[in-house]
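When the chains are written out, they are named A, B, C, D, E and F in that same order, and each has its own residue count from 1.
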């Protein structure tokens, strides 16, 4: 009997350990960019859906944003199309755009909504097209080469997202937008997440990636501030793949997001770990370095 | 000058002619099943989007429901799969279901949302998975043959649809649902529309089809009541293709939808014509025959 | 059959033609000064009541303001009193004021409320006395001659008007006010309309008159801006009768009313024509000349 | 000094004496029929306006209803028309109706609204026409003689009155209504008051009259119940002039008004006296005799 | 590094383990009777305050009720009074009642409010006197001996408790009430808790005691239903001290409280353990035996 | 009969005399420091409770603040402790603090709540600990002598008080607070009242004392302004006992309380007299001298 009680007491102690974090983040909004391995590993997906549901139930408002490059490539190939990239951006002709939207809004989004709902959340799938959450414009050619239907965000209107979140729903947003001319555009989900976080004045913007954080000279940087972040943008030790993400972070911090986190989504329950434990994981960027 | 005034006066007179209809339907809900030719003809699509936007602006709350069989077939074929039907129902294996959902939620839904928004409405795309708007169960085998992921509605929870509609949005719902076991299921959009209309106690449920209404002995029946509708279900003069639609109508009327209409969606602005003119078009079914 | 459909389609097309105007003015307020021939012609009254009701139903909030000089004169004469005017202002002794109020609040107002309600609106009659919507002060003598109970607006409190309009009612306001000393005063309805439009930050202020607009050198001026309006005030080509109305327009534009219109109320459905067609009618005054 | 304190203490004691009445009636509605001498005596009018304002400030919601026979007669005579009565009802031809409405809605109503507002209330004048507060039908001929535009209430919709009262306004209602055919009708203010009190489930309905209450055998009856009231209707000792008022009382009590009072309006502050003192004045009718 | 991650992952897993309980009890009310050792042991008090705060943050609404017999006895002795008991009830003379109220409302209540607030809750101390949350009547003499100011609940009005709980506060209620004659009365906190739980239709009523639950033949009974509970009331194996508590449980279950729990408050975090773990602790009583 | 009517009419006249005050103070907040003789005289207590209840019913929102030095001393003596004062402040050791809190929160507060409720108000007892209404810090030693648990207000959060007052309750607040380190502290009720009045932007702050107001050269000063008040602080003619109270007044006026009053609480109904009569009583301090 006593051993059962002891085990249970351990459970209670851990709930109590989470209390300061629940208090601190109560009523706040966290925008979470869902990406990397978590998109393809069933156990990670499941753990992610649980994390998001739990956040909502303890009073934190999660907004999920996702892209889905690998799955787009897989479907293009099934349809006999070979993906072409330019400076890391997918060259997107009309048919590629059709496939992209079907995969993002009709498959990845829908699957994630369904997973969260199965764990008791009330997720609602959206794209930038819904109620014009964001409008976009076509990107300029890169090296004189047209990228096709690749866009960047022009305006953001989060009233639909806010309405749903306030009513207890969990918005799940795919990175598809539309231009004022009615062209469907493929957007970078990192920028979409930063744009929504800024518009909502979110407390936290969390990027789930396949790395442990921002790495400099082989070491994960646990925390730095806006000035340091801007210096890092031109630091030779930063891998070029991290630059666009770092740019998103800098922009979000400038636009009043309090904390941006880059964490490893391949760790089970990485979102909960980041939010509910005292060390946190990955890299954290703030306006001025603090320890909150 | 006077000829301009005269032309303008004609415009005013027509607006005035619409006033009694605007008054009668003000604040009411109309569920519209979008289907048939309207799905493939660009001019019809455009006219449909305008109609829906106009309804919302004059104080009537439209909810749009759609399927999309032809487009599903087209994408299956692009992916090298041949569609199989059984009693008019698509035999839906796992990959077919994937394609079905991508086409319905990621293509047709998204295109319609986008069209309505371009005309000034604030459409939001949904499927039955969002916030569990409806749960479904797999259909029983037909003639001992399993239909795969084909389902029928089990429960309907319209609180998300109602919240969005009350806040000024126009919900656009694709006929994809999910079972309690997490299986994505292909649903019949006619039944989905009837289920939503009943749950919302809608004033009107309108089916856009490729025919002019319910035809008996070569004549379109302009109006009949519930009893007559039930008689027609076994009447030899009714084409078998109409039977399931008629069943939906009967069910909706029994579940407190006031008027069900079957109209020809290939007429431009057919929805406006049905609602805002004194003769109406197509076939109208009510509980007891009236002239409102 | 096809000819009926063609006629109906024409109806739909006109509704669609009105959509951009409905969208643009949705949720906005329009103050309409009801005056001139429309007060005495039964067909014009009826068409005016329909127009106001239609505006309300399609989401625009009309506030009607009226005077009623001719009817006051008629009742004075029935009671054996001869009207006296000074600079176009009615010299108003105590008994004349009694008659004026009875005619404005107990006859014209009441008749208009009744007409609108018969067409399905929910009109509520008010005067400046109700909940002190406006307080007034007696006007100074003109040429050393006392005008009696003629007043000008001192303060405006539109909270009652706003409450009613927000709850779905259509306020109809007669140009009777009261001084702080409890004297009932006869006000100029043009100024009352301008005062209410300013206090409500109305989008539109529309004057129904017996002329086609502001006429200069025999031509109706279709549109001009604030600067031009101020110039016109001293222009010799403007008929002196138009000056007070023009002054109201200038004041309203300065006080944040977006558009002021002077239109011919003797055209059937002139209000609808002004608001719902692309050319508009009469004269339009804005802050800076635009084409919206 | 002490004598001043003593005088002030007396003031405090009287306020305290009123507390139980304020508590008991807090948040309740009282419909007050304003009639008789109070309509013509300036001091009584003033005291009435103060009473109504005070009720509102201490948390009781007054609704005032009035007619105005004598003033109608006075204006008819000024216009050279001789009033005709049939069974105590004014035979009302079209011109009489015009005068009646102008006097009731444009003079008596307006004057009362103004008086209450001058004492700090926020009165709003209404008639049965406003937002169709009540619709009426023409009364049947009496002794084969047509009464003209005399009506009786058919339907009552108190939502406008309730909205205004809830928002802090004091509705003042004149006894003019309209038939479904658009005819303006002269209504009996006693019945209007009873109809509004019933529709609002008022706690109290108070008739201000020129007598001290219901008199039987020369004695004012202080209180009786519904059964007794019905008996009195056929009692020979009741003056015939009281019968219609008594009928109104009986109807109101049956329709869930808690207390009906018939009091002498020629006593200064008669409304306050009735409500805030422990004996009350006049006659009180309740469902079952009680002492509350 | 990995060991830290592993430890953190364990934390996340435990949070996830709590999710089903958080979901099930989200938005529900739990009334907790705080009593026994928890009142005197500092570590237990602290753990109790944390538990209550945590419940509130994860969306469950706790209401705390307490008595405090031992502390009353201690202060009586300090003041030179010897406590007298009759059938387990404290004979309460006027001075004893004064001391009782000061200890309960001015000491135990205040201390608990303070502890919860220090952990981030927003507790508000109440007694039955506040806004007449409950009125009581003096108990009848026992064996012809007057118990003095000992009372039992007569009416309960939880609107104040509900208002505070809905606004995010945690009500903490001491077992002091008042009779209609203004006598302060000493109430049994077990009955107060049951009364409040019934009036709020609470999901759970939890009694913190010094025992492990209801013990029969040396074994703790883990769960039983209403019928079994009623049988136990007369079962010789139940210790007489448990009878009044069991009677409270029976009454609460009959009055629509879903689950009543008797648990050992001397276990750290006993409230969390009861609510957030799958076995629960102590004895659970339900209407019909279930396993939820 | 007429003599009864005359007496009643006098009652009505007095109610009418109070109307201007009711209007002026309608919806405003009055913070009343309950102290001096009123705490010990049963008739005065009763009259105070009636006054507070009446204020609430006529639309003024009272907040009551109290201390209770004499009663604390009485209970200390019963427990064999001799009170020690330093510069008029009670030296408060741990046990004295325990007694102080029990007396203030568990006796005086509770008794006052109960009295008000008996007269029909809905009073709710609070201390500074409830929902952290105010936090305090220990006062510095005076003449190098530690005062123990004596504190001064550091922060004030009136949201709980405002919520209760808005919902119709009457908050009654005892002068007990808590430091951030969890120490219970004895506060000066005069400062607590001033702090709450400032935080609520109260119209009135009323101090009930045992004197007739601020006395200078043997005369009560009826009214003075902020500048004069600051001069008086150093005026030799002011008794030293009045200095702290005068400091509170100055602070409150500076912090946007409109009127501060020092009145004699030993006059029956002194609060009503101050608020509802045209001369007022005691001393009134305002920002600039006015006569409102």
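We adopt the following convention: contacts are C-beta pairs under 8 Å (C-beta built on N, C-alpha and C of every residue); 3 or more make two chains touch, one makes a residue touch a chain.
If you're wondering where the values come from, they're calculated on a predicted model, not measured in any experiment.
K.L.:
Which chains are in contact with both subunit B and subunit C?
P.N.:
none
K.L.:
Can you list every chain that touches subunit A and also touches subunit F?
P.N.:
Common neighbours, subunit A/subunit F: E.
K.L.:
By the touch criterion stated at the start, how many steps lie between subunit D and subunit E on the shortest route?
P.N.:
Minimum number of steps from subunit D to subunit E: 2.
K.L.:
Same interface as B-C shows up in which of E-F, A-E or C-D, over half of contact pairs matched?
P.N.:
A-E
K.L.:
Taking each chain's centre as the mean of its CA atoms, which one is farthest from the centre of subunit A?
P.N.:
Computed centres place D farthest from subunit A.
K.L.:
How many degrees of rotation bring the Cα atoms of subunit A onto the matching Cα atoms of subunit D, given to the nearest 5?
P.N.:
Angle of the fitting rotation, subunit A to subunit D: 180 degrees.
K.L.:
Could you give the separation in Å between the centres of subunit C and subunit E, each centre being the mean of its C-alpha atoms?
P.N.:
Chain centres of subunit C and subunit E, defined by C-alpha means, are spaced 68 Å apart.
K.L.:
Calculate how many whole Å lie between the centre of subunit A and the centre of subunit B, each centre taken as the average of the chain's C-alpha atoms.
P.N.:
Comparing mean C-alpha positions, subunit B is 35 Å from subunit A.
K.L.:
Taking the mean of the C-alpha atoms as each chain's centre, how many Å separate subunit D from subunit F?
P.N.:
44
K.L.:
Whole-Å distance, subunit B centre to subunit E centre, using C-alpha means?
P.N.:
Computed value for the inter-centroid distance: 55 Å.
K.L.:
Give me the residues of subunit C that touch two or more other chains.
P.N.:
Residues of subunit C never touch two or more of the other chains.
K.L.:
Building nodes from the protein chains and edges from chain pairs that touch, which of line, ring, star, complete or other describes the result?
P.N.:
Topology of touching chains reads as a ring, each chain with two neighbours.
K.L.:
Quick one: ring order starting at subunit A, direction subunit E?
P.N.:
Cycle of chains, anchored at subunit A and oriented toward subunit E: A, E, F, D, C, B.
K.L.:
Which subunit F residues qualify as touching subunit E in the complex?
P.N.:
Contact set of subunit F toward subunit E: 78-79, 98, 101-107, 109-110, 113-114, 117-118, 122-127, 129-132, 160, 163-164, 167, 169, 176, 178, 182, 184.
K.L.:
Taking the complex as given, what residues does subunit A use to touch subunit E?
P.N.:
It is residues 4-5, 8-20, 22-23, 26, 47, 50-51, 53-54, 57-59, 119-120, 267-269, 272-273, 276-277, 279, 281 of subunit A that touch subunit E.
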